[in-house]
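Take this structure, written in structure tokens, and hold onto it; I'll ask about it next.
Chain IDs A, B, C and D follow the sequence of writing; residue 1 opens each chain.
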Amino acid sequence: MRGRLRDLGIEIGDLPTGTHNSITDVAGVRVGHATLIHDEPTVARTGVTMIVPRDGGIWTDFAHAGWFNFSGNGEMTGLPWIEESGLLGSPIGLTSTHQVGLVRDFLVKAAVETGHTDAFHLPVVAETWDGWLSDADSFPLTEVEARMAYTSAAAGPVAEGCVGGGTGMICHELKGGIGTSSRMVESRSGVFTVGVLVQANYGRRRDLRVDGFPLGRHLGFDVVPSAWDEPPNGGSIIVVAATDAPLLPIQCSRMARRITVGLARVGGYGHDSSGDIFLAFSTGNHLPVSKEPWTVDVLPHREMDDLFHAVADATEESILNALVAAETMSGQRGRTAHALPLDRMEELVALDPRQ
Amino acid sequence: MRGRLRDLGIEIGDLPTGTHNSITDVAGVRVGHATLIHDEPTVARTGVTMIVPRDGGIWTDFAHAGWFNFSGNGEMTGLPWIEESGLLGSPIGLTSTHQVGLVRDFLVKAAVETGHTDAFHLPVVAETWDGWLSDADSFPLTEVEARMAYTSAAAGPVAEGCVGGGTGMICHELKGGIGTSSRMVESRSGVFTVGVLVQANYGRRRDLRVDGFPLGRHLGFDVVPSAWDEPPNGGSIIVVAATDAPLLPIQCSRMARRITVGLARVGGYGHDSSGDIFLAFSTGNHLPVSKEPWTVDVLPHREMDDLFHAVADATEESILNALVAAETMSGQRGRTAHALPLDRMEELVALDPRQ
Amino acid sequence: MRGRLRDLGIEIGDLPTGTHNSITDVAGVRVGHATLIHDEPTVARTGVTMIVPRDGGIWTDFAHAGWFNFSGNGEMTGLPWIEESGLLGSPIGLTSTHQVGLVRDFLVKAAVETGHTDAFHLPVVAETWDGWLSDADSFPLTEVEARMAYTSAAAGPVAEGCVGGGTGMICHELKGGIGTSSRMVESRSGVFTVGVLVQANYGRRRDLRVDGFPLGRHLGFDVVPSAWDEPPNGGSIIVVAATDAPLLPIQCSRMARRITVGLARVGGYGHDSSGDIFLAFSTGNHLPVSKEPWTVDVLPHREMDDLFHAVADATEESILNALVAAETMSGQRGRTAHALPLDRMEELVALDPRQ
Amino acid sequence: MRGRLRDLGIEIGDLPTGTHNSITDVAGVRVGHATLIHDEPTVARTGVTMIVPRDGGIWTDFAHAGWFNFSGNGEMTGLPWIEESGLLGSPIGLTSTHQVGLVRDFLVKAAVETGHTDAFHLPVVAETWDGWLSDADSFPLTEVEARMAYTSAAAGPVAEGCVGGGTGMICHELKGGIGTSSRMVESRSGVFTVGVLVQANYGRRRDLRVDGFPLGRHLGFDVVPSAWDEPPNGGSIIVVAATDAPLLPIQCSRMARRITVGLARVGGYGHDSSGDIFLAFSTGNHLPVSKEPWTVDVLPHREMDDLFHAVADATEESILNALVAAETMSGQRGRTAHALPLDRMEELVALDPRQ
């Protein structure tokens, strides 16, 4: 166990975290992982992660949602309906590029199996590409992993690094994967939680920064070898933000756009090959399937600045948590993605006089 | 006085109209026109129309709003803030292309003059091009007309045809201008009004339809001369829809998009030279300038179909009302835009067996 | 065989059609269908349709593309990359709502199988809901149908009505399905073809119009029973437009938006339950996978008006072709969707004095 | 003269700058400022900046363009046409919030005066709010300043800080204003220049970073007083990026979106009151007003990464150049906005071990 960023004495921003410093700090949000690692018959370093809002009641009690396509070389299903209605009505799956469809159709099946046949379903499933370490072209995932991620989703601490959809991911040319973080914000409307979860698989080594410190410049390929010996053809980051602040869909979109700030500060540029797609949802109002009028609370736009800080800071820390947690992994064709060297990182950041 | 479409026995769609069959049927919505017609020192056939929501209280009690850019060869100011926040915080001006800025800055001044200096202002002003009949290049409008349109805004019946911003407009190669219409819809949440106002300045003669009847095919240039003897370089339609149904911004955007349906049925294609820009706003919730949380009512998405019919039908009828009301007008350089021949229209539509 | 709209003497608009009055009139565009109809073990009335651009070379020679979300209660995968880059790099699948993922992942596999492993793939697959006639909840489609639709794709005439992805569809409360049409346009840059294919599954009976004639008002449920005895929970239309005119991505988006015009004229309103999602692509330039600079031809925006008419008219005719071709079909639970009564339609339209 | 960031030994990113490290390094791009400072009859600290592409030939030889609305509490006119066509056809004005319309209409007049009456005009003018130092409510600007900024536009070095539209601006609670920077990128298609110009008026002190170093944390209000003693009601940044790389409109939009990266790294969050609106244009192709087909060069998407780095880095440096150049300014009501203390900044950044 390599721990988390805060174990190294580094904190991002001024706002306090929630209990677990995790997206599950938002009440009702659960996360489950299914990790698939085998070397036969093909090499698999892959998996599925599920974010289940509202303790699973999301099928019939929607959440307001919005999204942002910072760099669209990726897939997130379910977008036309979110764009049209601002309603999220399914768990959110994260997985490997080639098998988004499998996980998407499984979520339809999960709705059917649990008796939610009264509406048709447009689930949200996103991906990043794990085909460097994993033999993605062998399509190793089956419905088993999708189901396991879904049924195992739980509140509380969330496993990070090489788990679930993040299993085979590479970030800043180091081993990447799943990371999460949260922040608490106070407003006249109450205290709210913002939680973020990332599947991080993007970026160049030399661009990596830790709270502004240009760590990547000090981690040359002589220090830690690059994950690849030839140019890869993918790289992306999916970010999901949840909050219990009562937001309208247009406000969720505002939050989703500010996720870019956190990504930029770690060293993301939205490269051409990168699918940097962000989703934000709010559980702060109940929106049951009904023709009866809804009454919803709304946090005024003027009170949103702290949420913007929260989502940017939690995104930054989530990515760094993914890097800190992920361990060196070898995969197909003798390839190895090396972990961020924590000792070297501590040593370097200690030089920084700014704290 | 040439009357309105319904005076000819033609009704669009199944839904009933409001009292005045006008955008002012939405409680609190006022409309004012300033019409500028002179031949010296330059030829002016132009003006300003103002739509003032909430009896003028819009500066400090916002309305949810959304927009749609069906064909963007035009201008509507204030869009970034509507896109970001879904809030309309000013009256809406309609005028001539060259002088959008004048009317836009006047609305800032109007806010300042009425003491609303506590926020900065991003007014919504849109345009269509009247430079065929009017010497637009002489910039004939002044702040006087903007102010007059604003201060004269009133509830009740709305003048149509060659008035206000619609003064010099040409539609389907006939005299166009301002038109309006409204519809009432029932839902489990109550009875709501949808009102539409258009500034119509687009389209080819042969594409004109009246409730599906291809009137344009029967109104060749031998029957009624075209408005122009050489190809014009503009043409657009601005459509503003108001409702008292309690809608979120994303729902206003949905309504704005369905305005396209009404335009398409009359014969709009969104030509390259056409700025077909639509705005929809809802007065159904009060959104005071404040950091206190708002509580808003929401009509569920599932109840919106009648609103979609209402806005499409009222758009169709508004355009036809503009054509029916507008009288033949001569302008600069001996040019004349001919009115829709009402007798011929009645005769032709009477042949239609469908009613 | 019930024929096509033009067999009834009805033509939409002024522009001539291509050879087959089909999307395959655009050189290099192929269409394939796989139709799955069985009553055991579950009732299936479903299938897959594939539109294969560039004679299959689309994996390595992209097409410019754009899309429009008129009413987003539906799914189309692959949108973030089209939004980001304007590049289409896969065949386009059309199928049933519940199994979009299956067809999407199959297209990744098809890329891998044909050796295109040098890029990762974000295929475009869209859906409409066939769960009224078909037991969609039994997930009857397998990779077999996806593959069959793909490998059988051919140039020339295209089967319409109850075939492929359109098998179980219902349109204007009559039997719907697949329809196609094309138009030729002349410009200073040459003669170009615009082809459209629809999977039509939307709308209310009473709103149906044929070239403006309000046919739906004359086809009450006493004349032809409604397809359903209780309110259905779906309904959508997917429209794909192809052209060999050399368009930039932003121009494809312009075309996609004008598809709305054709839909509106037949009687589409973009109802809340309707996923009306449109894609337009241009094969007019070759865009090979490469880092070498591209040189592309561009039809100036000012020359696009005829393309707008073409795509609107071809959309209108495609929908009507779907209705004309589709035959009465019975499905699960004793349900029947009745075909448009062609004799009654001819009789009624003959009354119309306008032609 | 306080100089520029590089005079302090600080460089942003790895790419070389152009000759003047200015947006005018892009061939044909000119910049002009008109600065209005007076204390009678009202206090004015305002002005107009013009960016004139293509040596002024932009009226008849368009540039591809795209935009991004990171935080839309601001105004940029001309957006619907850029969204529709991807064509920029006017100089770009930057000024004070209240008088955007004045500058916008002036640009129409400038087109008319120079004989470009054959098309109607939809100029691009953006704003940030200078009403803290300047008595904006007195509307001090006239057409004189707009014209002066336009006619004085020149190639070569660009004045920064308290000039033109940036005169009264405040950034990170220090004196802000105009800043510019440029980068050179090499590709298989040739060497290209990316230039950026900002009008910077946003942000909190404590969030300010210089190349990642958290300078703002060391510049408390005891060190340098805040610009305001009560909460202000505005704050925004407009960023314009130009390049001679041959880009399509959709690629300009990609670049515009990456401007966010540079802003985020300096400390921008897109606060609620901030209008952070970005425009990017490419002069790399000639697009004359014509119906003749265009042939355009296109840099493949895969070659865009260096452009993304260039625009992000040049944005970061442009903002810092604005802060470095801007001198302490007093304005209405005894208010003072203090300049960034360069000596303190050098001292602090020297402590940073990372360089």
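Note that a residue touches a chain if its C-beta (ideal position, glycine included) is under 8 Å from a C-beta of that chain, and two chains touch if they have at least 3 such contacts.
Note that the coordinates shown come from a computational prediction; the quantities given were computed from them, not determined experimentally.
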| item | value |
| --- | --- |
| Far-end chain from chain A, centres as C-alpha averages | B |
| Higher-contact pair (C-beta pairs counted), C-D versus B-C | B-C |
| Whole-Å separation of chain centres (CA-atom averages), chain C against chain D | 44 |
| Between chain C and chain B, distance of the C-alpha-averaged centres to the nearest whole Å | 33 |
| Multi-partner residues of chain C (each touching 2 or more other chains) | 71, 84-85, 254, 301-303 |
| Complex contacts: residues of chain A adjacent to chain B | 84-87, 187-189, 246, 248-250, 254, 290-303 |
| Residue ranges of chain D in contact with chain A within the complex | 14, 70-71, 206, 209, 211-214, 217-218, 254, 257-258, 260-262, 264-265, 268-273, 301-305, 308-309, 312, 351-354 |
| Complex interface listing, chain B residues touching chain D | 69, 71-85, 97-106, 108-109, 112, 117-122, 125, 129, 131, 137, 139, 233-234, 275, 277 |
